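Before we start, here is the structure in question, set down as structure tokens.
All chains are identified by letter, namely A, B and C, in their written order; residue positions are counted from 1 within each chain.
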């Protein structure tokens, strides 16, 4: 895949070579994200960070990634005041907003909305989430995290063992991750979910027909064993027909230090797409894991910045200019990164 | 008019020479808005983009124009959390906020609020819309679009023929445009509106006493013929006493490709201040015109960036420094601009 | 106090030497805030301006201070759309957001929230206000204003006379200011408030035991005399049990030009933490004082930018690099600053 000038709308656009290209560029971004060096490669460029469905974390992550490349961000954080709410078409909104920026990130609750917007946009568009459908940079940062964590342990994605835990029926992050993992070879999937929230069978069939192993279960005891990665998700209550129905499943499957110690191998990496709901009725990933060095959830969000920087750099064709425009950071930077 | 350090509150401030100066500077901004070149002339300057009445399009357009000159933007997008909502006067708000920036763009639903704010501001203020009253950069971008479109056809504003269609009673954009056009010579105005939404007679009298021709009608058939420009507007429902009353007029006058083909000359330029309401009950400017090369509505919004850059550059006295601080763009830029 | 890499959570962190260091750096910032010179010392650095409780003035002031040092700002302006509202812990929010920026300013209505956030943050955090608790940069800017105003009159904080007027029971700004003033020597405090809104006795005892003089009264006539500074506050209605109760106290104590002329010495400086409520039922600081040169309320907000620039520069250890990276401003700047 040639990234220059392309929209990024779906994980379906990626093959193994293009994933590896993104990861290679993301690796190069580490000194900038760690505030060891500053680059100004996109000085003068403008990101349109158009979040018609609010999401603080994702919005700030994209904006920060753009700023770290030297560019400016113009943004919107809701739909109420927008022309879309007054009957404007996605076509018109896209034609107008694409005159204001060099690249647009768009999030909107309506499935397919970002693709419709991108079709009319005069600049590249990255899907920042369109309802239950796609959020490709999340899937890429999850996969990138898996890759980095496994590499640290001398392992690789090919041949690894992953346990996916929780609401596998509605979890957009899990679905996209399964699609990307399906590209690799010989992965063992352990799917752990309540009966009613199992991964849709189309995903399971795709994985099996690509040569992967898939085992389903509904309790942690059997499912967690022999996993390199445990990927826990929250119950996607906004996708259920009623809040009451969602409530039935919240907190059914929980990972805490005791469960981890009892069932997991010592270096099993713990992931979660965040936010984790720490309220008593949910609490699917317990705070008592916070000091467990295998808890990779904040390395995931850190990696999100690298992946987004890489996508920006590839789409705008500046990946090869980053270092040439760079200099050391001249201010205090926290060692804790 | 000497722009340096001035507030821009009303189209009444402009004479023909000052309009032409704005347009000349706007022309110089084209390579920057097209992302062929980058300028950093306002590097270090701060725009206070104070939208106490939300408007995504106008807010982002002003912010983008400032960023394209190299400056930073601080902004607010509503009134609920502001001190204004807690009983603070416009005087206090202006004294405070003008300590934070080099120039302020302000939008507020209350008529006259921006002038009141500007009187207390310590930095130049541009009116980004104060209710039914004024939105001078919209009028300037409309006029600039008319000028560029006509020039492309070997015509000029002097002597041109324009049809204004829709809610001419409440349309702020139409009123301001009429004031600016009145400065020029020998224009034929065709005013097409429901009987109850006619252009206020004071505007008609001004135009006639300045030597222009004005003809009124209430249907497209007669009114659209022999126009160089057709300027369509939406029903300004927020200005009516009730939504029901506004509903009576929505969609009464519609321009679509069939109407265009039947009544318009082949190169008649189509304009609209946007947003256009594409819902079935409104739809005053049909999507079937989207491929008509005479549809200039997105050139209008693009031109808005140029006009706002020009106003910033003139007020802050940097129009002559733009090119000296510029360099070629080093990233991929879409050809579709 | 060594500022490098520190959180600023409370005025209790400051001793006299560290206050004087902040003020010295703030003085150096004057040419930049006045737009005489531009510095780019933080070019490439990102501020996370996280206002989970909205506050236009404070948010824009911090953002502007950061921009004036050359850095970029990513921000949030409410809590509704944030993960915090979906059950995320302050710990998680802090771990995530501190991966996106070099320094975070946080405001949240919950007392103690910012300290909890800072404990988990990987970058320095400044408390931008946590409910009734602390807002240290406000206290510093108040003290800095007192210092500059007195210096202009050939006086000093040591030995000065200050009248504090209004809701002294709930006023966070007054409490913090009393703590900072307590560090100095031999100050005369005149506390003027309704009986029910007196300064909590713990503050009075602290001041007295540090050798200061404290006199309480409930009317302006006696209290205002012989003051170098009059610091007026609004009734903090959000801290009362009911709006009705707060209503009883609004407007009980008012300063206007007539009162000023009758009771104050000719050069008594008038301060207020703003916003002032100009509605008839409140109006504790009358607009008829706007032309009184001793009205320092807008010098206070201007000084806020200097203090915030100084805190940023000290925490990130760039105070000594400011001038080296600077150049003259090249655009029009209003004389009225």
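The rule is short, and it goes like this: a contact is a pair of C-beta atoms (placed from the backbone, for glycine too) under 8 Å apart; a residue touches a chain by one contact, two chains touch by 3 or more.
Since the structure is predicted, the reported quantities are computational estimates derived from the model, not experimental observations.
Novice: To lay chain A over its twin chain C by CA atoms, how big a turn is needed, in degrees to the nearest 5?
Specialist: The C-alpha superposition of chain A onto chain C needs 120 degrees.
Novice: In terms of residue numbering, is the interface formed by chain B and chain C classified as same (over half shared) or different (under half shared)?
Specialist: Different, since most residue numbers here occur in only one copy.
Novice: Let me have the rounded angstrom distance from the C-alpha centre of chain B over to the C-alpha centre of chain C, please.
Specialist: A distance of 40 Å separates the two centres.
Novice: Mind pulling the chain B residues that touch 2 or more other chains?
Specialist: 72, 77
Novice: Could you list, by residue number, the parts of chain C that touch chain B in their complex?
Specialist: The contact residues of chain C facing chain B are 35, 38-40, 54-57, 60-61, 63-64, 67-68, 70, 72-73, 77-78, 274-279, 282, 287, 290, 297-298, 301-302, 305, 329-334, 336-337.
Novice: Touching chain C in the complex: which residues of chain B?
Specialist: Touching chain C from chain B are residues 4-5, 41-46, 48, 72, 74, 76-77, 80-83, 86-89, 91-92, 95-102, 122-124, 315-318, 321.
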